[in-house]
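Below: a set of structures, written as structure tokens.
Common to both upcoming complexes is chain A, partnered first by chain B, then by chain C.
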Partner chain A sequence: MNETDLHFFIDSTVNYFEEITGEQAITGIPYLKGREPVVLDYSGIIGISGKRKGCIYITTTKEMLKNIAAIILDDNEATVETVKDLTGEIANTISGNVREAYGSSFMISVPVVIEGRAKDIRLPEEVQAFVIPITWKEFKSYLVVCLE
Partner chain B sequence: MNQNNQKYENFSLDGEEKQHLLEKVTYNILKNALDGIFFLNKRMEIQDYYSQSLEKILGIVDLNEKNFINILENRIPSQIIESTREYLELMFRPDLDEEVINELNPLNETEFFYEDEWGIWTSSKYLSFIFKRIMEGQEIIQLSSTIQDVTERALLKKKIQQTEEHTQKQMEWLVNILHVEPEMLKEFFIGVEHELLNIEEILKNAKDTKSHRELIENIYRSLFIIKGNASLLDLRFFTDKTNQFMDKVLKLKTKFDLCGTDFVPIVVSLGDMREILREVQTIFKRISHFHNHFRVKRAYESELLIHSLKSLITNLSKQLGKGIRFDYKDFDVLSIPYMYRQMVRDILFLLVRNAILYGIEDSEQRKSSNKEPNALIKVASMINNGFLGLILKHDGRVDRIERIIQKLVTYSPEEPLPENSLEGIHVTQLLYTPNLQIEDEREIIESYSMDMELLKRKLKDQGGRLKITFTSEDSCEFKVLLPLRKNGK
Partner chain C sequence: MQDEIKSEANMQGKVKILIVDDSMTIRQAIEKNLKEFQVEVVGTAGDGKTALELFKNEDPDVVTLDITMPELDGITVLEEMMKIKRDVKVMVITALKDKATGLRAIQLGAKSYLVKPFTSEKLKTAFSRMMGLN
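== the complex of A and B ==
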């Protein structure tokens, strides 16, 4: 993983928030993921294979997703299904950007949405994972990038 | 071959019974063959007579009439799928030479990925697909294909390639660590691990932008310690890598309006350092199998601290052209509780190193000051009133420290100094103040103050304290106290 890759994933995610909601998201200080879990209420996971293998996921709180739903869908009472779809959409946007940037030598999976605070999301052990905290409004989410 | 074809034709023309027999043989072959065997028509559909193992190899059931290209989707990169489609189309063109076209086979050896129930690729195999034309007269009616699982071979090839790529780098590292005593190297690894963990914690616990400056200072301090220790052991690759990392941190130091993404180079460098440490430790483990003396007895291990200090004094004094005697007769290594072993080592290393670097003069200077040409560093330990006490005393000059303090006072007028500013306690306070820098002594002060700041913090965390006393004009004593029971336990 190099700096350009990491910048790219961060920018893709942060831009999403601004484009969709009109409000800028703030990137926190990135750190290396250790053994402790980085999982919030909803997580959208994208698998990457081919020349380089790994996975990227974004994990957010229900409150944040409900707030986004209120802005982009004008839905103040977003259901579980809506917030799940929204998680998938965020992950899908990142996935689309990755596909565009990395070309056809990579395989990028359809996002998988996980609901609930799982113990952790298992990542390839031999590959370093970077955690990037992202704050949108007062809500926290994490982007986790684990790529060979 | 022609003869065989002739036989086949004769055989196939030979009545219903033989036809039945042929079908039976074919059935048995397809049922028992270990390789995946299948046939493709011009629409690239898999024909219903395929080997039973094909489903197992591809991880897909009921392949009958399924489009081969569609099967590949999401299992191999789209770039290869597109090439496969073109290749198979060319294979059906009779005007093109089969052998030449086969040179283009993109599935000759490809990594095939398997999804779990979530659609995430959890495993892969390397498969080799071989295609061959089936002719009927001049027309190509089908393609036969065999698939072999070549995972073992491919992984071995990959491993050899990776090993070759790493060998040169690892050889350099190996040569670079061979001159260092194994136990010192082990301690170095522990120290690096500790500092990297410290940087990781700093980054992880960084909550708001206000603390960015402090955060950078703390990271820089940890790197400074790694660099210092690597330099002492002459581990050049580690020193270089740490220098590169420090340069990135320095860039941040001079930048205004820091934001989270500014720390991307830091976290990536941290990842690189972790990787290097892991690899060097692996090399070390490998070579340790060949050296019995790498496995030390516990009794020796407990005396290792003195041994390491001796080596530090010998190496550094030689490097700086200073003569130093080391007195440790009042230092009882076995009295140090296990929980403090690493910390005591860090403290003594830091104090000894700084004494040699900044306090002790070279032999000529000492002679001209009517001192013993060889300086003295003395360490002692004691247990008293529930505290473990450590003393480090040296008879190097203290005027250098005084000079630094004087310059600091001149340089930072906003820092009010007490009237009796040269008393030991105030000297300590000044040394504890980070970021007081002057042109010509910048590095000395920076490193000294950083070291002391770090030491102060470490001691504070443990409920310990440090006292510096200038017992005479030519002698300085550092006394460290560490509680034997932590948190009132």
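== the complex of A and C ==
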């Protein structure tokens, strides 16, 4: 993975928030994921196969998801089911949009959503994983990209 | 009773629509945004297999169709739908932003291809255009 790859994911993430909410997300400087867990309330994981292999996940807080759900559905009382579903959908959209750069050989899986602050999300050990910090409004989340 | 309601809706000239997406949030957003059009939602599905069953049973005029889904992907579902009802209007709504997938969907018979994330305005504009309303 190189800097150009990271830019594709940063652009896709920024575009998601801007398009859905009208407010830009700010991405921090990406860093190599170490042993420390990067897990917030809900995490949406997408497996990647085809020409590139690995996985991508976004991990975020319930409050941020409730805010986005309120924008999408005009509903300020998003259920747990909705915020879980939305986590998977955000992961799917960010991953699917980068096919503009990688083409259709960049195959994405349906999302798997993990609820709760698990110890960590297991990634392929032989591949470097990068963490992209995201701030939207006052909310923090992280996109973790682990690609061969 | 349900059938009576559906029949009444169709007599009022409503378009029968099937909404297919593995995200419940997206299904709800599409339904909410298309409310202002003369549509009757005859079914919603979260996977390709259920979508095809509903398609055969409910005979919709319009389908909004995701691509990345469990059971059967949207491209396969689109191919099957076209074999059953060639004049159905299918709007693909997907996160897959590559040109090849868009072209494939259009070649198979989709009338519209909308890339996620979408705003209410973009969805309504694309739907209007597909239905020939503007």
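Definition applied: the second predicted complex is superposed on the first by the 146 of 148 C-alpha atoms of A that agree within 3 Å, B and C clash if a C-alpha of one lies under 4 Å from a C-alpha of the other, contacts with A are read in each partner's own complex, and residues count from 1 in each chain.
To be clear about the criterion, contacts are C-beta pairs under 8 Å (C-beta built on N, C-alpha and C of every residue); 3 or more make two chains touch, one makes a residue touch a chain.
Small disclaimer: the values here were computed from a predicted structure and weren't measured.
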item	value
Simultaneous placement of chain C and chain B on chain A, clash or fit	fit
Which of chain B and chain C A:3 touches, first, second, both or neither	first
Touched partner set for A:124, first chain B, second chain C, both or neither	neither
Touching partner for A:103 - first (chain B), second (chain C), both, neither	both
Chain B versus chain C as contact partner of A:29, first or second or both or neither	first
Touched partner set for A:69, first chain B, second chain C, both or neither	second
Chain B versus chain C as contact partner of A:45, first or second or both or neither	first
Included angle at chain A between vectors to chain C and chain B, based on C-alpha centres and rounded to the nearest 10 degrees	140
First, second, both or neither for A:37, with chain B first and chain C second	neither
Minimum C-alpha spacing, chains overlaid - chain B and chain C, in Å	8
Contact residues of chain A, present in both the chain B and the chain C interface	103-104, 106, 109-110
Chain A - residues contacting chain B, complex	1-3, 6-7, 10, 26-32, 34, 45, 47, 49-51, 53, 55, 103-107, 109-110, 112, 128, 130-133
Of chain C, residues touching chain A in the complex	22-26, 28-29, 32, 68-70, 94-98, 100-101, 115-119
For the chain B and chain A complex, residues of the former touching the latter	74, 76-79, 82, 111, 113, 115, 118-121, 124, 200, 203-204, 206, 212, 215, 259-261, 263-265, 267-268, 270-271, 274-275
Chain C-touching residues of chain A, taken from the complex the two chains share	15-16, 19-20, 69, 72-74, 81-82, 85-86, 88-89, 92-100, 102-104, 106, 108-110
